[in-house]
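These are the structures in question, set out in turn.
Shared between the two complexes below is subunit A, which has subunit B as its partner in the first and subunit C in the second.
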Partner chain A sequence: MADVTLMKTPAETALAQAFEAVKTALPGSAESRAEAFELFAERGLPHRRVEEFKYTDLRTFMREVAPFAPTPSSAEAKAALRDAKALAGVEALSIPFVNGHLVRDEIDFSKLPEGVEIVPLSEALAAGHDWLAKLSPIEWARKNPVYQLNSAFMADGVMVRLWGDVATPVHLRFVTSSATAVATATRVLVIVEQGASVTLFETHESTSGAGHQPNDVVELLAGDNAHVHHVRVNAEGDQALALSTFAVKLGADVAFNTVNVVAGANVSRHQVFAVFEGENTKAQINGATMLKGRQHGDTTLIAEHAAPHCESRELFKTVVDDEATGVFQGKIIVPHHAQKTDGRMMSAALLLGDGASMNNKPELEIFADDVQCAHGATCGQLDEDLLFYLMARGLPKKEAESLLVQAFLGEAIEAVEHEGARDALVGVVETWLKARG
Partner chain B sequence: MLEIRNLVVQIEDKRILNGLDLTVNNGEVAAIMGPNGSGKSTLSYVIAGKEDYEVLDGEILLDGQNLLEMEADQRAAAGVFLAFQYPLEIPGVASMTFLKATLNAQRKARGEAELTTPDFIKRVNAAAAKLEIPKDMLKRALNVGFSGGEKKRMEILQMSLLEPSFCILDETDSGLDIDALRIVSEGVNALRSKDRSFLVITHYQRLLNHIVPDTVHVMSAGRIVKTGGKELALELEANGYADYRQSEAA
Partner chain C sequence: MPAVQETIDQVRSIDVDQYKYGFETEVEMEKAPKGLSEDVIRFISAKKGEPEWMLQWRLDAYKRWLTMTEPKWARVSYDKIDYNDIYYYAAPKKNPAPKSLDEVDPEILKTYEKLGIPLREQEVLAGVEPKNRVAVDAVFDSVSVVTTFKEELAKAGVIFMPISEAIREYPDLVRQYLGTVVPVTDNYFATLNSAVFTDGSFVYIPPGVRCPMELSTYFRINEKNTGQFERTLIIADKGSYVSYLEGCTAPKRDENQLHAAVVELIALDDAEIKYSTVQNWYPGDAEGRGGIYNFVTKRGDCRGKNSVITWTQVETGSAITWKYPSCILRGDNSRGEFYSIAVSNGMQQVDSGTKMIHLGKNTTSRIISKGIAAGKSENTYRGLVSAHRKATGARNFTNCDSLLIGNQCGAHTVPYIESKNASAVFEHEATTSKISDDQMFYCQQRGLSEEEATALIVNGFVKDVLQQLPMEFAVEAQKLISISLEGSVG
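Right, the complex of A and B next:
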């Protein structure tokens, strides 16, 4: 057999070199990092002929690789957090990361609220902490090249354990402040114990406009009877190539509710892998995405109903202005034993710009015979008759459009139970609409 | 005062209004009656500023201002109000949010200060009580799940809050039962004043028993073909539109 030499893109070569340079310096097992990188390197950056990346060709989008950011100085971290605005006004226990590094000074480990334990990931990796066994719980993620890169490069993060009724929301703040483009690979594991009730915020933003390349992963394990509310905001800078993964494993009788609002980044790819492991769990998985200019925003979701009698509702709303491109790929998987599954997924897009486009790919993969599953996808423009109705009442055209866009996105956002967070998300939409002019 | 002169309008190459002339004086309630397809709704949309129509000739002046040069929102700020035959449902927009946005947009366009929230709520509550609109209806998304009668009452509520100078009621009686018709008509009658004029578009005479017009115009094939007093409506009710249809054919 002839030797086959795989052609690597310059970015793939740069990633391999970067990995060689850091693999022994990073905390934890170099072997498991090498394993993750090899899995990635076998296939390289995913491109349009890889089905899951059909609409988001990372070979094209990632021409160059930004260097990983060094740990910021205390003053730099403080300044970055002061300038970070996403959900900043909502009272919460803040767990901040600046340029991919946990800012320990900002957390008073001796005075954490009842029901909260935080372990810095870099320490845990170095010390071989017990909870590390819980890391990477979802196979869909482990098979995913973006996640594999995070596993190879993860430099810092936290592991958070929550139990009981945790009254204060926990806010994971990911802030990039470097003036030049940097890459980050942060990993967060959230362990929600049985019967716990928690609210989790996750915000991603940049206080500089550089072309950062964050690749952040949040993993969440929800024990039986847990109540988990999760709100995520992508407010990345307009040059960023933002890759992210949210991997969730839900026990029995869990009530899980997540809303992701995307308003930032030049190119974003957010991956959600939710696995229903216990019976009678209910999940609401929502997204509201706003794209303009030449932005590209991809949300890719897999909801695996691995246990019977679970219910999931997925509602994704995308507004695409100018020449931006939206992507939604959603798949509900029901194995043969997961009878009585009830899953409904809807993706609706509103195209505001003449050059705007939306790629909707909803899928159902059902092997059980006693289930109720449905999916829908729509793509349309603002209703001219509604616009006329509003204008005939005196609203100028832009205001009328804004009101209709707010109403459209509002349906996905109203699932947020935390009032302060919900108001803040409505504020994100209003700011976006105002910037339309 | 509204003055329409020689209005010629088409939509997708189909001529709908054919040299229409109409004058409605301040304080006057003018009714327009006519068979289906005579162009009544088109007239209301063209006055309010819907974009689908192509105006080939003529002018529409409200107190001397040329409406045809204005966008729909500017016409609203200038005093035009169209009560829709089929008010639209707007999911996700609470009725109160909508009312406040429209009221303040018009005030802003006229260079007036925005209303404070307590002042706004006071006005809405007072106007809603007169129209027997329960408060929970105002909290719901605009017109979503409202009955036909509720939708029409909501239109009149908007009219009373926005205080327009020229009101068009496009088949406001359609879909109303007797009680709703009475409430809506009383709401309209309460707004009659020497500075405000009305154009009441209807197929049937029954609405005009409640909202008694000063003048009645008969419309056919895109023109006003006869004008009279309120007794003309009774005559039409008795004889139908056959005479006017013949004049179309001729």
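Right, the complex of A and C next:
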């Protein structure tokens, strides 16, 4: 039982009360929810003295707790999806969520493409579906307070199974349209069978400007020899406190590629937990973050090479304008037996505004002696020489800056193999730069 | 790729069971009552003949310490320290304050002879290269037994003496600077040190003076169940220069001994301080029994403009090392440097690194760190580079490499890079593959194979670090010089 007296801040108290109110109404095992909440409640909202949240103090950022949104009416959902723009122009099988609830009307369950099976999570939880055993596969995530909150509150979501060569990308669309601030806790489990080849899109956006508090989790299990391409866009509203987790378990000989573009939210914290379970797996994990105003954008990554002979490449680019704050925490872990690991992590930050801040923490934790691991971190302004070069050729300063920023972020984005999605992401960057004026 | 055989042999030659300085000296000691209390602090203060303000300073620190809890964030683990099971003061009974070398207990002199520390000025004077003379302050447990070349240094205006003596002779100078870089309340071990520190060196270099010789302090823990709590304060006044060396050893024992020192450096305008350490405390045996807990707070304050502080350390000893020699770059255009080689073996645990805090304009810093872990040891680099809002034009370059020998050990890197100023440029890298293509091309074009070219460039880089060490330490460092970076990981 969650003990309310243990809670310190009003937000923590509100979370405990919210949990008390919904725990029996939510589908699935009340016990496992209570367990997750208790784990969270033991330590409360993470603050700056908690090492993993050193730069993103949730006690400060989460002063108030938004209520969970009710299921939207069919018309509301339709309107919200019509207004949602993120990767909307790219053809894909859409799995939409509005205000944290799956919009079933938008999915034609009888005409799913070959190699796709979708099970709504609420149904699965209520019925005790077999796949539920595959939920929460990553220990790093289970120990994480943000993830624990999602486990306690997850109300809706889907479980998707993909096999064979799935030509159509699967698009998970998370849209928040409520005029008042709401919280969401969705959970998606994607099971990619052995040898399957799939493309996944994941977009998070708000069609209203309210201070929503999404806390969404996507979990992905990639079987041996699978090819997985994943593109994620954070285009949340500029008041949002967006928490998100992407937990990935990779089998052997997997080719995995993920690019996350952050352009939205007032405060965002995106956590990636990638565990390499099989040999000879290759992963490219990229991120491009654009921050302005007083935005705070945190990307935290743990890449655990639990099997030998794997290769990981992490490339994170952050552009920080005005008085915004960027955070990158990355950790490569190589246990004793994971010999021949080849891991390279790079975080580069560009500070455009005089009041901009960047906090980088690229960690290595290595126990195997025959590995190649490296990390790099840079932080600085635009190169004056490059600016001068462009301006000498007649480009106005702003344009020259934009060009250099595009090139800087482009390095992370060009890893996207799907052409349409890549163009759309370049568009996101261009829009952001245009808004800079 | 795995470490090359040569490297493995080199590291083995300094393995924990090869510890050469583990002998014990039989000297009758006078000790404070065991444990920590106000009375013990009064006892220490009285022994040192300190003024009232110093005692009060210590007591305030003690009161503060009682309210603090031992930090747990470092990546080291050890049994709980019983702070009441330690002697906080131990001094040779026979003449604890000798006026000259002749009065020093011959046993102690023998000890330093065995350790190869020259305490007799004429011996040094007769040396072949007079320019390499070193003034030594020899600290034996809680007291300084000998300080050499005091007169000659005094002629140059340099004050070099045990801190306990300085508190008596130059109270104003000590009072002005003591605790201004590492405040009494800084951290658990620094506060403990403030309460119970026994000896250490005090150095003051007057304006415009280039210290005529290297200064050095040699710390020896000898007595059982004691802790060593030394305090060093070095002030380089405007336009002065000093190079200071520090060495340390201890006998082999099955018990752990605590060494909690505080070192404060202050560089005023245009001054330069070079601080070098060869830390060779007893590391414990292969099973991890015994060894020194080396929990040290070292910090330099580049207080004046254009000042420079350089930390160079070769770390091979201690069961647990937990230290971060840091630079506060307060003065405009000031520079901080940190060069480190940390070798851990047996069951040793090292959590070391540096902090470069850029506060002033156009401040620069450079960090070069090499960690080598063998046996069942854990070697962590932990470092902070930060630029304050006003640190316009701050510049940092960090390079930290680590090497693992065997798969029972661990190497970790935990850098924190925080920039609050857009014009600050920070670069952090941790890899051998970062050797520039141009250099490689140049070497290969002249007929070297890729491996040879890499070795050449890497050796050049390693030499760079070791050249920072003064001559006197070069011999000890020599053992490490040929350790290649091959197979290293970030």
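Convention: the second predicted complex is superposed on the first by the 430 of 437 C-alpha atoms of A that agree within 3 Å, B and C clash if a C-alpha of one lies under 4 Å from a C-alpha of the other, contacts with A are read in each partner's own complex, and residues count from 1 in each chain.
Rule of thumb we're sticking to: a contact is a pair of C-beta atoms (placed from the backbone, for glycine too) under 8 Å apart; a residue touches a chain by one contact, two chains touch by 3 or more.
Just so it is clear, the structure is predicted and the values come from calculations on it, not from any experiment.
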Subunit A as common anchor, with subunit B and subunit C clashing or fitting: fit
Which superposed partner A:365 touches (first subunit B, second subunit C, both, neither): second
When both partners are placed on the shared chain, which of subunit B and subunit C touches more of subunit A: C
Which of subunit B and subunit C A:51 touches, first, second, both or neither: second
Touching partner for A:289 - first (subunit B), second (subunit C), both, neither: neither
Touched partner set for A:374, first subunit B, second subunit C, both or neither: second
Partner chain(s) touched by A:184 [first = subunit B, second = subunit C, both, neither]: neither
First (subunit B), second (subunit C), both or neither touched by A:257: neither
First, second, both or neither for A:408, with subunit B first and subunit C second: first
Partner chain(s) touched by A:353 [first = subunit B, second = subunit C, both, neither]: second
Subunit B versus subunit C as contact partner of A:336, first or second or both or neither: second
Minimum C-alpha separation between subunit B and subunit C after superposing on chain A, in Å: 12
Residue ranges of subunit A touching subunit B (in the complex, touch as defined): 384-386, 388-397, 399-400, 403-404, 406-408, 410-411
Interfacial residue positions of subunit B with respect to subunit A in the complex: 48-52, 71-73, 75-77, 80-82, 84, 87-88, 90-93, 97-98, 101-103, 105-106, 109, 141, 158, 162
Sites on subunit A touched by subunit C in the complex: 51, 336-337, 339, 344, 349, 351-381
Residue ranges of subunit C in contact with subunit A within the complex: 1-3, 73, 389, 402, 404-431, 433-434, 487, 489-490
